[in-house]
Amino acid sequence: MVNEDRWEPKIVAFLCHWCSYAGADLAGVSRIQYPPNVRVIRVPCSGAVNPLYILRALREGADGVLVSGCHPGDCHYLSGNYFARRKFFLLKELLSWLGIEEERVQFSWVSASEGQRFAQVVQDVVESVKRIGPSRKMVKEFLLHV
Amino acid sequence: MAKKLVTPEVFRKKVADQSDLFLITERAQGVYHEFLPQGLRVIKTPKELIFPEWEGVYRFSFQDRSWKVWEIETGDFSPRFLFLLPCEARAVIEVLDGNFLQKDYIDKNYWQRRKNLHLIVLGCYTIPKTCFCSLVGGNPLWRDGRSLFVLPFQGELYVENDETMLFGEGKSVDAREEETLATREEELKASLPPPLPSDFPQKLYAHFDEGIWKDLSWRCINCGACTFLCPTCYCFDLSVEGRLRGLTLKTWDSCMFPRFTLHASSHNPRPTGKERVRQRVMHKFSYLPLREGYYGCVGCGICREICPVNWDIRETVERMAKYLG
Amino acid sequence: MYEEEIRALSVKLLDEVEGVIGYSWGTLPFRARPFLCQKKEDVTHLVFNHFCGSNLARYLLSGELKEKKIAILAKACDARAITVLIREGQVKRENLVIVGIPCYGMVDRKKLEERFGPLQPQDFEWHLDSLTFKGENLSIGPFLEATCQRCLHPNPPLYDHLIGQEVTYIPRKRWNNDALTKLDMVSREERWAFFAGEFEKCIRCYACRNSCPLCYCKECFAEMQRPYWLSGAATPSENLFFHVGRSLHMAGRCVECGACERACPVDIPIALLPCKVEELIRGNFDFEAGIDPDKEPPLLTYRENDPGEFIR
């Protein structure tokens, strides 16, 4: 149940094992503060993120999804993030064309050394999702009845 | 059975005054327009009102180290009146009620929805090309004590079985008018193709393994358009939503889908389109008549109308009847 | 149209193939349907007209025919779908005899009804790109299916035999159905209002998926139990999930034949979604499905300068 007054967005973050997850780790060990709204799911590579993962996260009640991987050219598997970029481009364009708020699904490149940047990205994502409010269009209806 | 004649003006006004109570099926909307007010809520198929596309059956939650389960009650529904064609009414009264309101088990949520849904049958004078109700024992003027019946007659509306005086007092029907109606009904019935032979279900049952099924089913692409829009198809699936907290969902299911019969062992007794098409025909034209005494098809023809590849159940049944002799 | 040629060719082909997949008249007026012709005496049932909307490539995948030598009647879309199927290893080129037919577009029955009221077959005469209604000659353009009005490839890119003359114009330029561009113009809220209404109608019968020649997954993500992506309940959000998921699954593969839209029993213009994705691919990745079998599909390749501004 969404309590409108004390609502905090839930963000599901798919982070690539080699860069962004390590970046998040660095943010942690460097004790950099960032909003606790993200739920991190580690994936081998941003190229391994099936668009269905993102849709499913939104369906299960996430207010926003962040997918983060290595910078172009830095992929541990050489080109996984290039393939990912094409997939995400189509997903993002299609969702926004259908009328879903653009902020719901966001992407970033964060390297293992960018702890500060990771914190900043999370900060930005959480703020932008807060601005648009709770997700309604893509959440399974029965969740609201449970 | 009370019979009366109502003027179209009175009828239209009665309906228009309480238009939020009245609904009409898409097919009835297509056949009738002149004496019904505009703007009634149109529904795709009568079954969606009593057997919705999806509903929760029970909720569950894991609390204090134990599972808690609650039944989901639909609550009461206010009375609603549905205009529908005779075939669709027959689907509700014979097939759906027959399935969900059996003697030994009554589906509670179905009954909650059904008990305040009043059917108003609109008799057909013009018969669309897709219809074949006479083949399966119906007729364009089919009615029954459990529903109202309305028919345009000599510039007025003939209303039958209006116990609650929904459409007012009206004028009583005299003997001559009654005779005219009866002759018209006879003429109409005589102009239609005869019903399937009475031993058809039995014969069909015996021809389960015939090679002809492969031929008949080739065209079918196994989508669920026919079964989902069929007024009689009542198969449903149960699935669980959520892990530690959630609900059990009841959704429409179709015998055309591979998962319909998929076992947990991954064995599927109906592996291809052939078996699934055979099941659909057999269930409607053999199993149900043999077990319950009525066909599972009311001949409304919606499946013929909407089939993406024109797989035609009437053609199939007639071909089978000819094949079986 | 072309009936004599199709029948004569089919008789010849039946000597070497197991069957000819084509169209015959349906059981109701203004409907043609897929027909498998296996005997020479049945070739008289074969027809071709403006109602042959079903994509026949779909039937190449049904179990019985998969390993056999088959002739298939192919409009441009069907031939493109076959090209994709060959590329994806679903059918073998050497098992196919493709009878290509240049296509002037398929007629939408509902558009005819809207214009002429209840339809009588005898009132109509059909020509390649026009029709005669009670003696009045009309262009066929306004009555074509939306996807046919947007068509870019009226001629089959792949065939063994070609029937008739190639179409000399590009239908999109001539008929220009701009439903997609129109939706690009309106605000996001208006687009959402439109699509929310459409997804509300969906009953999840999967007619779109099953009529699609390229939706051949043994187990569709929509019906999977493990992982369980979504339920079968036809709620607006679940319908959105299904259609977005399917459109992305079709990305770079969809040949924009409109079979899904034609099949929809509740009249959702569902081809808009995969077509939008194809437009994006055409514009950004310079690819069209089913035209060049040797070109790498867009999601199996990349360029370093692909659009990436949307990524932080």
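What to note about this one:
Per-chain residue numbering starts at 1, and chain names A, B and C are given in the order in which the chains are listed.
Just so we're on the same page, a contact is a pair of C-beta atoms (placed from the backbone, for glycine too) under 8 Å apart; a residue touches a chain by one contact, two chains touch by 3 or more.
Fair warning: this is a prediction, and the values are worked out from it, not measured in the lab.
Chain centroids computed from C-alpha atoms place C closest to the centre of all protein C-alpha atoms shown. Chain centre most remote from that of chain C: A (centre = mean of CA atoms). Separating the centre of chain A from that of chain B, both taken as means of CA atoms, is a distance of 47 Å.
One simple way to say how far apart two chains are is to compare their mean CA positions; for chain A and chain C this gives 35 Å.
Centre to centre, using the average C-alpha position, chain B and chain C are separated by 32 Å. Residue positions of chain A with contacts to 2 or more other chains are 140, 142.
Within chain B, residues 241, 249 each touch two or more of the remaining chains. For chain C, the set of residues that touch two or more other chains comprises 231, 233, 235.
Those residues of chain B lying in contact with chain C across their complex are 44, 53-54, 129-130, 214, 218-219, 221-225, 227-229, 237, 239, 241, 249, 251-254, 257-259, 272-273, 304-306, 308-312, 314-315. Across the complex, chain C meets chain A through its residues 183-184, 188-196, 221, 227, 229-231, 233, 235-238, 240-241, 244-245, 247-248, 251, 273, 276-277, 280-281, 284-285, 298-300, 302-304, 306-308, 310-312. By the touch criterion given at the top, residues 56, 59, 241-242, 245-247, 249 of chain B touch chain A in their complex. The residues of chain A lying in touch with chain C in their complex are 51-52, 55-56, 59, 72-73, 79, 82-83, 85-101, 106-109, 121, 124, 137-142. Across the interface of their complex, chain B is touched by residues 26-29, 31-36, 54, 58-59, 62-64, 203-207, 209-211, 219, 223, 225, 228, 231-235, 259, 262-263, 265-266 of chain C.
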